[in-house]
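Several structures are given next for inspection.
Both of the next two complexes hold chain A, though its partner changes from chain B to chain C.
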Partner chain A sequence: MSERIKRKGKIPVNIIMLLPTNIIILFLIIIPTILVIWFSLVNFQPTFGINFWQSKFVFLDNYFKILMDDEFVKAVIRTVYISLICLGVEFTIGLLIASILTGNIHGKKILYPLLIIPIMIPPIVIGNNFWLIFSANGPVNQIISIILNTEFKASWFSHPKYAIIPIILSEIWHWYPLTFLILFSGLVNISTSEIRAAKILGATEWQLSWRIKFPKLKGIITIALVIRMMEALKVFDVVHLLTHGGPGTRTQTISFYLFKYGFKYSRISYVSAGAWIILFISLLGFSLALRSVLVERK
Partner chain B sequence: MPALVLNNISKRYGDVQALDGINLQIQDGEFCVIVGPSGSGKTTLLNIIAGFTKPDDGEVTVDGKPYNQLSPRDRNIGMVFQDIGLFSHLTVRKNISFGLEIKKSSKKDIDKRVEEIADRLKIRKLLDKKVRLLSGGEAQRVAIGRTLITNPSFFLFDEPLGNLDANLRVEMLTEIKRLHLHLKKTFIYVTHDQEQALSAASRVMIMKDGKALQKGPPREIYNNPIGKFVAEFFGVPSMNLIDGTIIPEEDGSLFQGAGLNVKVKGYSQSKKAEVTLGVRPTDVVVGNQITEDGFGTINSLELLGDKNQIYLTLEQEKSIIAVTSPEVRPELEERVKIKLKENRIFLFDRDQGGRLYP
Partner chain C sequence: MSDSMMKYNVRKGLAHIFLYAVTASLLFPLFWMLMTSFKSPNEWVTYPPTWIPTEPTISNYRFIFFGSAGRFARTYSSAVIPYLNTAFVAVTSTLVAIVIGVLGSYSLSRFKTGGSLTLLSIIMPRMFPPMAMIIPLMIFFQLIRAIDTYWGLIIVYIGFTLPYSVLMLKGFMDGVPKEFTEAAMLDGLSEWQILYKIWLPIIKNGLMTTTLFLLILNWTEYTFALTLSSRGVETITLTLAKLFSNEAGTYYGPQSALGILAAIPTIIFGIFIHKHLAYGFTFGALKR
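Right after this comes the complex of A and B.
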């Protein structure tokens, strides 16, 4: 096929067909990527009034500077910490619901759509909801008041320690359907005969889970973790809506940090270097995680 | 005392009556074969015995103990599933040892037992293979090995539908029969192939549409089918069934159909009736020196060495099969005389399928 096309001496059809996509990729991904590499190596700030191609080349200076920045390092650690908590809780919830739904229970058909509603709601709505829920006169404070039997009026979003709680909770609520769905699809795909074989050989529910279900779900769990982790590392919307990274910089995440320094303080070169560092670390982590799955397959 | 008693088991799935009042008593150490067409409820019955499915009605009793409330893990049953269901993430060795490992037996015991079983089933070389790589026959051996390890008091086998060829099925059955002789445990074997059932079983149950049509030793069912369905289903090649009319005569009746006039001496009734005549291929005599019941044209001929299988066409395009001794060698397209052995004829009600004679 391709032989014949070449012999005609014209542009091969396959190249023409791929051209539009390639042009889009070029402008949306390749050029920006090259630009960000360049930005991270020069000292470019739009407010300086110097064009980026004329900016001073500083090589790895930006990288060293941002790695020494306590605020950046703390934002990275905080993001990882938020992500890990979210992942842990979401997996527990997701697995629990998935296990319950694979059993014989009534009303499954109503439960499925109800359970995956959160993932379909735009982040801005979720942010505003949680803002209302945790506001001074919101339901959370009122419920605590009833439990403690005294008036309780915490301002959650400005508390140096607890401001992170609404952020984590809203993230969990928003994203648990993803892990639930992935785990559920894995669970229902385990063949009935295998489960029955284990049961009739005398396996308890625990042994069934540990020896049959989890080992079989290992691959799919890793993939779910990677997908969810990628999302978690980018957490921005709720931070922006609920706390603005505050009080001070106490709830600042990576995305929020980069946004603040990039767009508010116009330190484009500085955040470009930060973005590359994050990308590099994530790629390393994810490829290690996925490799364990791929090795398993062989 | 019977080892296993099924008492009036019924199960419904929506509009489908999967099982309809099944009664069965299986003696300790018996080899019982269940046959029936696809969808007749065989797997459903095994699942109820194993405890995976709750019957709507009826009960399962083992050694006098009611089993209905017992979970599968407490029933001490070994089962080979229709789709085999090996643990696909484990090796053959781990599949076989599973039943002991979850009981926390010592590693030495487990290894010893696994090797014993592997030797018996001739799968020692496969022990460290991933089960994904096994052939159909090997997978089935492993599945049998997996059930052996816990020493169950009886075994359920659900024969796979498609993934074993006929030779392999026979080989597998021989293997399982050997196992049965050695273990002396109760076996229930589901198959689609009645030829196997005939040779293997001490007892056969024939199922159709969730009902047990007939139970008994295979020879008895073969010689004495209770109705048209069992007669045709049980036996290879199938019984010839010829639709026709029965006419009363002074001494018995005369059957007319597809150009045949067959005297049925033992059967007498007062008026004409539409019936189906049944005769086993081995009871159709083909030749020239006989007083014929009718004529047939030789359609094709299979010389099988110890016997000949002859395909004949009667009038009205009716095809029948005759199995004869090897000396009978008619030519193709030849018109031959046919005689049905008188005392080997069955008459069935044409619509209801019930047996009228003998």
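Right after this comes the complex of A and C.
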């Protein structure tokens, strides 16, 4: 095959076909990445009036500064714990729905698309949605009032401790369909003959899920975990819409922190160092994801 | 009826009830938004809130499309132009990303160009949080004067949906039987002809799925629109955020109406391809 391409003596056709992709990647990914590295190593702010290629080289100074910044570290920790809570809850919901739905359920064909609607909705609309139901006079306060049998009127978004709750819930709501979809397709693909054989041999329900289903799902669960973590690093829209990181800095996530320091305060170098730290973390996660994907493919 | 049969039936009944209840409660936020979009102003903030509007009205939708002379006229005029903007940007960038993606994925699927390293460099951008890339991108865009322009936003959207495009299409193309290609080569077709005449018709459905998936991604995008084009090109997500800020915080009716309108296209696209959503979001790691 390769002879056939080379014979013409021109640029091989497969390279030509891949060229547009590579150009886009170069301009939108590689150049910005190099710029991030450069910014993070110099002291550059647009307000200084010096071009970025003439800025003073400060080596790792920005990295030390941002790692010493309590606000940044807290934003990182907060993002991690938001994503851990989300992952836990989403997996529980996803696994529960998926395992029931694999059974013999009436109306399966309608329920399935209905259940995954949240993943199709623009995040900003989801933010809006949770703004409505968590408003002071909204249904959530009403339901809590009925359950507690007293007047309950929290203003969720300005409460220092509770403000994070609508954000976490909206994240869960947005992304549970992903874990559900992944687990569902995993469960469907387990061959029924194997399960039937185990049942004939007298396996209990617990043994069935722990000994047969879980090992088969392990690869798929890893993929779901890693991809969901990647998405969690991106949490921004909802925070920007609902709380603006407030009250104070109580609901700031990594993405919102970078946005605030980059766009409000124009501290380009400082934020670039932060961005590079995040990119590094993502890269680590990403290589994990790729490995599990490759293992899965084999 | 035996005892175990009875037990089985009870369990099955419980499973049904549980699943229907879960579905209903998970759809509640959407239900609430839909109901609020038909409420008249005095019902927006009453307590206890009414679950179903007592006097349904479409005035909120009218406001969204035609604006009003009220106190919000200054910050909000009409959603028609943002709607068209979004449609234009989303459709254009999707089509370009699909064309580029078809070529790239053909090269990857048929010739394994560059091996796994190429694949890696293509997936990587999507793994980064966009916020980490936006600042250098913005400075780069300022240099080439692409801020607040249609083409600037379109290029960014192309770049950040391209990984999905290439990898999803590659997955579909990998399923094309070898015999077809071999026969075409014997007939003396060039690579371009093989792609156009043999492969594309075979993966027609996959092509459609990928297109709709990219449309959803582009339609729902907010971060890039906010940072790179908020003054020049207002997309529907920006309009919603704008209607949201400042004094309009309790302007529940129009907010919900706009929310519903912004979500409808993506829900329609999503229902169409709901069997392939997991495939898309996992970059084809999950088999179809």
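Of note:
One rule holds for everything that comes next: the second predicted complex is superposed on the first by the 269 of 298 C-alpha atoms of A that agree within 3 Å, B and C clash if a C-alpha of one lies under 4 Å from a C-alpha of the other, contacts with A are read in each partner's own complex, and residues count from 1 in each chain.
Just so we're on the same page, contacts are C-beta pairs under 8 Å (C-beta built on N, C-alpha and C of every residue); 3 or more make two chains touch, one makes a residue touch a chain.
For clarity, every value in this text was computed on a predicted model and none was experimentally measured.
Under the clash rule set out above, the superposition-derived model of chain A with chain B and chain C shows the two partners fitting side by side. Once chain A of one complex is fitted onto chain A of the other, the partner contacts of A:121 are limited to chain C, with no touch recorded for chain B.
Set against each other, chain B and chain C touch different numbers of residues in chain A, with C touching more. Of the two partner chains, chain B is the only one touched by A:204; chain C is not. Applying the stated contact rule after C-alpha superposition, one finds that A:133 touches chain C and leaves chain B untouched. Rounded to the nearest 10, the superposed model shows the Cα centres of chain B and chain C diverging by 80 degrees about the centre of chain A.
In the superposition on chain A, A:185 makes contact with chain C only, while chain B stays out of contact range. By the document's definition of touching, neither partner reaches A:68: not chain B, not chain C. Of the two partner chains, chain C is the only one that A:220 touches; chain B does not reach it. After superposing the two complexes on chain A, the shortest C-alpha to C-alpha distance between chain B and chain C comes to 6 Å.
On chain A, the patch touched by chain B and the patch touched by chain C do not overlap at any residue. Those residues of chain B that touch chain A in the complex are listed here as 50-52, 71-73, 75, 77-79, 81-89, 98-99, 101-103, 143, 146-147, 149-150. Within the complex formed with chain C, the chain A residues making contact are 1-2, 4-5, 13-15, 17-18, 20-21, 24-25, 27-29, 31-33, 35-36, 39, 52, 93, 96-97, 100-101, 103-106, 111-126, 128-133, 135, 137-139, 142, 145, 153, 173, 176-178, 181-182, 184-185, 220, 223-224, 227, 230, 233-234, 236-237, 240-241, 254-256, 258-259, 262-263, 268, 271-272, 274-276, 278-279, 282-283, 285-286, 289-290, 293, 296.
Across the complex, chain A is touched by residues 12, 15-16, 18-20, 22-23, 26-30, 32-33, 36, 45-49, 51, 100-101, 103-104, 106-108, 110-111, 113-114, 118, 120-125, 127-137, 139-140, 155-156, 158-160, 162, 166, 185, 190-192, 216, 219-220, 222-223, 226-227, 236-237, 240-241, 244, 250, 252, 255-256, 259, 262-263, 266-267, 269-271, 274, 277-278, 281-283, 285-287 of chain C. By the touch criterion given at the top, residues 191-194, 196-204, 207, 211-212, 215-216 of chain A touch chain B in their complex.
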